[in-house]
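I'd like to ask you about the structure that follows.
Should a chain be cited, it is by its letter among A, B and C, assigned in written order, with residues numbered from 1 in that chain.
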């Protein structure tokens, strides 16, 4: 049979294709069938948080940082509760990473704060002596892209029915709603409100001035995102 | 025509040989920069604060991986395809204007993609999925390039004189099919600009899959991108170049056969080993582990077949640096396909995952196996496509030892670094609390990061020797006759 | 043994020896560490000995066998049988994989979360007795080790607050903080009533709201460790009512501002803190002993 295949390239290719494709079918399809449901307390990202997520991706923070707490005592001691599938229900793309040059950030919002991030992103080694993380000073100057974040919110809401403007059950029994602005202008205004709250906890005068003038530096969006990681 | 030997046409092969060398140097230069950045973070701002956005570790890392995979390795695969394909199918590219045109179009479109990739990655345009960072416009271009190659591939097979397909051809076909299937599925995304009615960046997209599912598809892709980018096509190369250069017949057809079909069957199941202890179901993780261990055998099948092909030929190994490259390549292939499965065992992965031990595994595969084999292939091709002898054998020998030392420093340092780090992360002190802060586990790695950077630099120096040797071969070494090109490649002192 | 063999053995021994010297100290009795080390040993030894076996064959054996009829660009193929060992192991592994998956894998009995829960229970059991009766010294020592992991990223290894980036825990309070609290009030540590801002702080000596000059004076006085006379009268007239005449605080009324104590630390860990310097998150996942230990350690820092 194999000898015959070797003389008939078309059938050879078909045979290879069959052999390599069914593993994928068997391994991947079952999980799609039971697409991961959000756990209680998992909310979609706000416009500013999503813009921050884009900053995170743009700078490939995932090259050094994972977002996956494995079920080991040593990891839950360091980072908090192990990860649950449903917590990632709104993560497109997923950001688990594959290398921990720096610590896991899945729940960094629980144990770091705005002012800490501000100091750290400006000069990691000044906060953590010996840190090999690069300083991200340009984030204090570049402006965050709210438009694209809003476009993504609209897209996932429309295509994947991500529940914006809908009540979401929280762990304490309350309900919470994440707003999807009706227009781009409204999205900008909402994001700016959120940004102001963060800038208030920051010290960098340029950032404060920019936000006061209605602009959102990338660092503010990034911190909004990191604070949302819990 | 029948009585004349075929005149093969290497125009397209030559073009890809050039990009192999250039992109190899670029990609590895970036790798060396990364390595120094991890050892000495000040290197992040080597071109000044103002340019740090483009020279810092995180912006450059995807550029490194994509440049060496989609630049260096892929160019090498195509350079050898446009050379080997004609020869084992016994048909010349010159016989079909159409195939020739396809080949050139393939090359130039590929060049366009390369430029787009370098530009966009430096600007930070990425989807973050490893080895699938490109946004959708580039993905579409990649698909077009791939289809062009496929047409050329099957076109050439279609007009072949040699009825039965040689082993290398099996592997090239599998490379084509495997990547086509994987790339398409993993890159499924929705452009937000169109879905939102024209808001934001036109090139931005959002993945079709979310969270755990996205991870599953990504690592089904990521693992098999390794399979069909770093393993299958490189095996295609060694099956041609080692027997050809040494003049030995392949040790066992049966072994070739079982190793091929075994590899095809087993590889795809193993992707779960990238997701061990994650939130994908236990059984999938276990499947990944189990099949990874099985995978040792089909992988070793090819390596053993090649090593046994050299049975009794030690004098050739000792005399020819070209054969040395290939023998060391298949040894490193054995090494990384043993190390990988062991790292895939659940409890070992619990320690190894996320550490530099994985990076060590990656590089003994890519530096010791992939890059060594590609360079050996180019060395073998050079006299035949340029009709000149290899410029310098002693330079080749020097390159071999410099780079071997480079790989050894790289993987031993990362091996130790990874195991140390993995154990420190897990350690509890005498009171039951974590024994080390995270930064302790970073600082302790400084010496190993430095050794790795030195090893990487040595490897890069070897790349420059390689480029110089190839350049001289192309331009100024002694011309050779067809009769000198049967087996062992002619080399100048 | 020829040169290559010797070289191979030396290389593997050196690699494994180095790994042991550098990482071995961390092994402990962690089964994962042991299996990983075993994996490393297996990888290095199997790879080198198998490679050497084939190199031996290159040196001493001879190619043989029947050639197939086909020939590609001059490359021939022997019709040799499969290497026996390879074939047997391949077959065996395939059977093992199928068996393991269909029968051997504990589909119903294994879950990684179950494994985690067992690990945690074992860990807790191991330290239960030790944690139940710890003396002050041991608590301090334990607190120190937690501090390095959990707190040092903000407060610094020296607990000095890294140049004002977080509270300096080697002194109880700094002027800046005290002024900020007086000016703005504070109410996050869980006391029944918050501390009022300056518009609620009467100086009993003058029977008027506290003045700027008095704030300066009392801030200096408290920051200086409540020594000297300057500001002492303001303190007695304004602050002592809640913080006590010695500033050591009063249960259910106000915390000590004269020194750190375990209760204050526990309150800060429970509620987090936001003030003149910045914000500190709450640490609710620490265990009771850990909180006690941190209390002992931080209290000791400024002594």
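We adopt the following convention: contacts are C-beta pairs under 8 Å (C-beta built on N, C-alpha and C of every residue); 3 or more make two chains touch, one makes a residue touch a chain.
Quantities reported herein were computed from a predicted structural model and do not represent experimental measurements.
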{"item": "Chain contact topology (line, ring, star, complete or other)", "value": "complete"}
{"item": "Pair with more cross-chain C-beta pairs in contact, given A-B and A-C", "value": "A-B"}
{"item": "Interchain centroid distance [CA atoms averaged], chain B/chain C, Å", "value": "37"}
{"item": "Intercentroid distance (Cα basis), chain B paired with chain A, Å", "value": "29"}
{"item": "Euclidean distance of C-alpha centroids - chain A vs chain C, Å", "value": "23"}
{"item": "Touching two or more other chains - residue numbers and ranges from chain C", "value": "112, 123, 149, 153"}
{"item": "Multi-chain contact residues (two or more partners), chain A", "value": "71-73, 78, 128-129"}
{"item": "Where chain B touches two or more other chains, by residue", "value": "164, 277, 287, 350, 426-428, 433-434, 438-439"}
{"item": "Chain B contact footprint on chain A (complex, rising order)", "value": "2-3, 6-7, 9, 12-13, 16-17, 19-21, 23-24, 27-28, 30-32, 35-36, 57-64, 66, 68, 70-75, 77-78, 83-103, 125, 128-138, 145, 147-152, 154-156, 158-160, 184"}
{"item": "Of all residues in chain C, those that touch chain B in their complex", "value": "15, 18-19, 22-23, 26-28, 30-33, 35-37, 39-40, 42-43, 46-47, 50-51, 54-55, 57-63, 65, 67-68, 70, 72-83, 86-87, 89-90, 93-94, 97, 100-101, 105, 107, 110-112, 123, 126-127, 130-131, 138, 141-142, 145-146, 148-149, 152-153, 290, 293"}
{"item": "Chain C-facing residues of chain B, complex", "value": "87-88, 90, 162, 164, 166, 240, 243-244, 247-256, 258, 262, 277, 282-283, 285-287, 290-291, 293-294, 296-298, 300-301, 304, 307-314, 317, 331, 334-335, 338-339, 342-343, 345, 347-348, 350-352, 412, 415-416, 419-420, 422-424, 426-429, 431-440, 486-487"}
{"item": "Chain C-touching residues of chain A, taken from the complex the two chains share", "value": "71-73, 76, 78, 80, 82, 110-116, 119, 126-129, 201"}
{"item": "Interfacial residue positions of chain B with respect to chain A in the complex", "value": "37-38, 41, 44-45, 49, 52-53, 56-59, 61-62, 124-130, 154, 157-158, 163-165, 170, 173-174, 177-178, 181, 185, 190, 192-193, 195-197, 199-201, 204, 206-207, 209-218, 220, 257, 261, 264-265, 267-269, 271-272, 274, 277-281, 284, 287, 350, 353-355, 358-359, 425-428, 433-434, 438-439, 442-443, 449"}
